[in-house]
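Right, one structure below, let's go through it.
As written, the chains take the letters A, B and C, and residue 1 is the first residue of each chain.
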Amino acid sequence: MANVLRNSAKFGFSGVLSQLSNHSRHGRECVSPCFSLQQRNSSTSPKIKVDLDNSTGVAVLRMQSPPVNSLSLDFLTEFCINLEKLEMDKSCRGLIITSTLSKVFSAGLDIMEMYGKSPERCGEFWKAVQEMWLKLYGSNMATIAAINGSSPAGGCLMSIGCDYRIMADNPRYSIGLNETQLGIVAPFWFKDTLVNTVGNRAAELSLELGLLYSAPDALKIGLVDQLVPEDQVLSTAQDTMSKWLAVPDHARQITKSMMRKQTIDKLLSNREADITNFVSFITKDSIQRSLRMYLEMLKSRKA
Amino acid sequence: MANVLRNSAKFGFSGVLSQLSNHSRHGRECVSPCFSLQQRNSSTSPKIKVDLDNSTGVAVLRMQSPPVNSLSLDFLTEFCINLEKLEMDKSCRGLIITSTLSKVFSAGLDIMEMYGKSPERCGEFWKAVQEMWLKLYGSNMATIAAINGSSPAGGCLMSIGCDYRIMADNPRYSIGLNETQLGIVAPFWFKDTLVNTVGNRAAELSLELGLLYSAPDALKIGLVDQLVPEDQVLSTAQDTMSKWLAVPDHARQITKSMMRKQTIDKLLSNREADITNFVSFITKDSIQRSLRMYLEMLKSRKA
Amino acid sequence: MANVLRNSAKFGFSGVLSQLSNHSRHGRECVSPCFSLQQRNSSTSPKIKVDLDNSTGVAVLRMQSPPVNSLSLDFLTEFCINLEKLEMDKSCRGLIITSTLSKVFSAGLDIMEMYGKSPERCGEFWKAVQEMWLKLYGSNMATIAAINGSSPAGGCLMSIGCDYRIMADNPRYSIGLNETQLGIVAPFWFKDTLVNTVGNRAAELSLELGLLYSAPDALKIGLVDQLVPEDQVLSTAQDTMSKWLAVPDHARQITKSMMRKQTIDKLLSNREADITNFVSFITKDSIQRSLRMYLEMLKSRKA
């Protein structure tokens, strides 16, 4: 743990901004070198592609929303619809989540959904973030994150919502709940999920400092389960899935529920309060000013 | 943790069946090569032998029920009676649990107690399993498991019910709560005990996949505390016990209770519901069919 | 974990006595070779020195109460007053705690406060111990323990009350909650803080055996975060603090509260009962006899 703070954990910013920040400040792989606010993909083409192999019962969900698979309201809605379809499809037993983009799994929550938006819209957005996590963390399917690029903030949440994490063995890719670096706070259920994954102390350090871990450091603290060469992330996920599906579904599902139900119920019984809390925090003048400063910094860099 | 799933953790079956399964599928040491249903030891000779050394205050409890120290109702009853006697004997301060059998500590719950039995009998059996764990996990004695062979399922539960675990440094011996592999589910108090021992994430992986860990892997995740050469398991347990008994009893006991009381109370206040839950699960047609299939597989192999 | 018990963890006594015990029994560095009951520093000179650097916002709190920075009622009162001042000083954002003494950070609770004292006085003392922990564990400042010497019992509690621990890389220095070795029991909030830091199983072993860990072993189980050469403990703490202060205060503080509030609230709502419990335990004849025996042993050694 000593090394994490001293040598390897890097500080970044939340959401899409984290990528630029990493690039300029730490020499990490910039997941979107051509990133700019204007180049945001606003097409109505699907942000997610799902392929279900009926012979194996395994679906691969590919996130394909350039430049960095930001978790916008549209993206999350599409994600949840797809997840729900698979969940109800009895022929689907396993789900692998990966990215079609180079160098990024998902850059996390879309900051544009949090800046200059009405409280109503912010609340709608946050509800969708909750829904994504609830569906994923409580899924009856065996779920594997095939993390083929950086995965900060919300991207990390999505990863730790799965049953197993395989990451590309590339030290330039990072993962972590780095919200505090932008002055944002990961809510209790992000925290609970992280504690469940890496234990209390690693979560405490991680969240208070907003640490992003390189792939090797993420493995060391147990934030991911396995590193493999970049071109083998998906195939390893497929192989690993066959081991998960060798376990009788009902026994695995009951056990998974036993492990996660308490954490899920905590959000379910505090869902409205959590939305209210997020909205009142994110719409604060001081927080909005911080967000504007970052956005202006981005624009000035581009100019 | 990555390696656990990739290289070393092996899948097996619960109870006595796990041993055959390991043998045939993975080349692990078969703890009972001559195992057969007909050869089950049904004598009325004691299944357990206890020697209390009055000079040291240390009792050694030897499980001696061939072929694999299955935890039958008779076995558990005898185990609990012995434990209670020692608990009430003020001259006894420490307990070492080990096996007289070659290659096996205990193969866990006896599947024959769960197949084709009446709900009443199943309930009686389950109450005895609870009682074993309650007495062991809450014992005022310092307890050390001297694990000189494989220890799947209920054998693992018995091990993690102790204060300290010393295992034979033999990679062919395995230990773990592998219930899900047979379509059975470890109940919440098995889970709680495992989480208390190896942490939430290792327990989650372990229980959902029904992992059996080789001795070296068990050490890595903290499922056992120490590995020693096979012929030194008992003597090391004796040496270690002297360190435990160097601590004033009352301080150790109060501290132990502080660490474990909450977990124990959770079962105590849900004991009847847990029995009902087990009985309704195990007597399901689908579960009984699974058990019959395995038993028939065993018979056909023998023929 | 195996190694901890086998090779390296040493048993010691609580409070100032632990130092003598280490010296005589295990060859560990005696933190106070000239220690004697008569040489206790009873001057009214400050036991604590605080320097706040207004340019960095970082205060260094130096414990300077020879021979071993025992946590007496006077010491704790002075400590809490200083902590409160810094907490209310908006220019102070970070706190580093260290010792001016050679070889010892703090030897923990002062046994003289627990021996032959009235129940009222014992209660007053215990309330001060609670207050120290409550103020430290819940501090809004970023807190780093610069552990430049041994730190048993209450010294360990003070260390794990901070956000980060840097220890001198000297295997002769030890740290741990070794209360049970003296027949004393660490209360639930010591236990909770330790569990939060090193996890349930390491805490269980640690508390039941009253283990003191050498600096390298403390690093292995996560009891400290980092080891550095002895002469770099403070400078490393300063460097590390700048990373903590790079995180926006409000985000770090909210996150810290989210991580620690539950543990703090547990003591807050049981504070009186915890005092009553301590007083009734420590004033027992049997416990007082144990304490007298140790004190007489110390006197006879001196003679």
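Side notes on the structure shown:
By our rule, a contact is a pair of C-beta atoms (placed from the backbone, for glycine too) under 8 Å apart; a residue touches a chain by one contact, two chains touch by 3 or more.
Since the structure is predicted, the reported quantities are computational estimates derived from the model, not experimental observations.
Note on subunit A versus subunit B: their Cα superposition corresponds to a rotation of 120 degrees, in steps of 5. Of all residue numbers used where subunit B meets subunit C, under half belong to both copies. The two sides are thus made of different residues. Chain centres here are Cα means. That of subunit B falls 38 Å from that of subunit C.
For subunit C, the set of residues that touch two or more other chains comprises 199.
Across the complex, subunit C is touched by residues 163-164, 195-199, 219, 222, 225-227, 240, 243-244, 246-248, 250-252, 254-256, 258-259 of subunit B. Those residues of subunit A lying in contact with subunit C across their complex are 1-2, 5-6, 11, 179-186, 188, 191, 199-201, 203-205, 207-210, 290.
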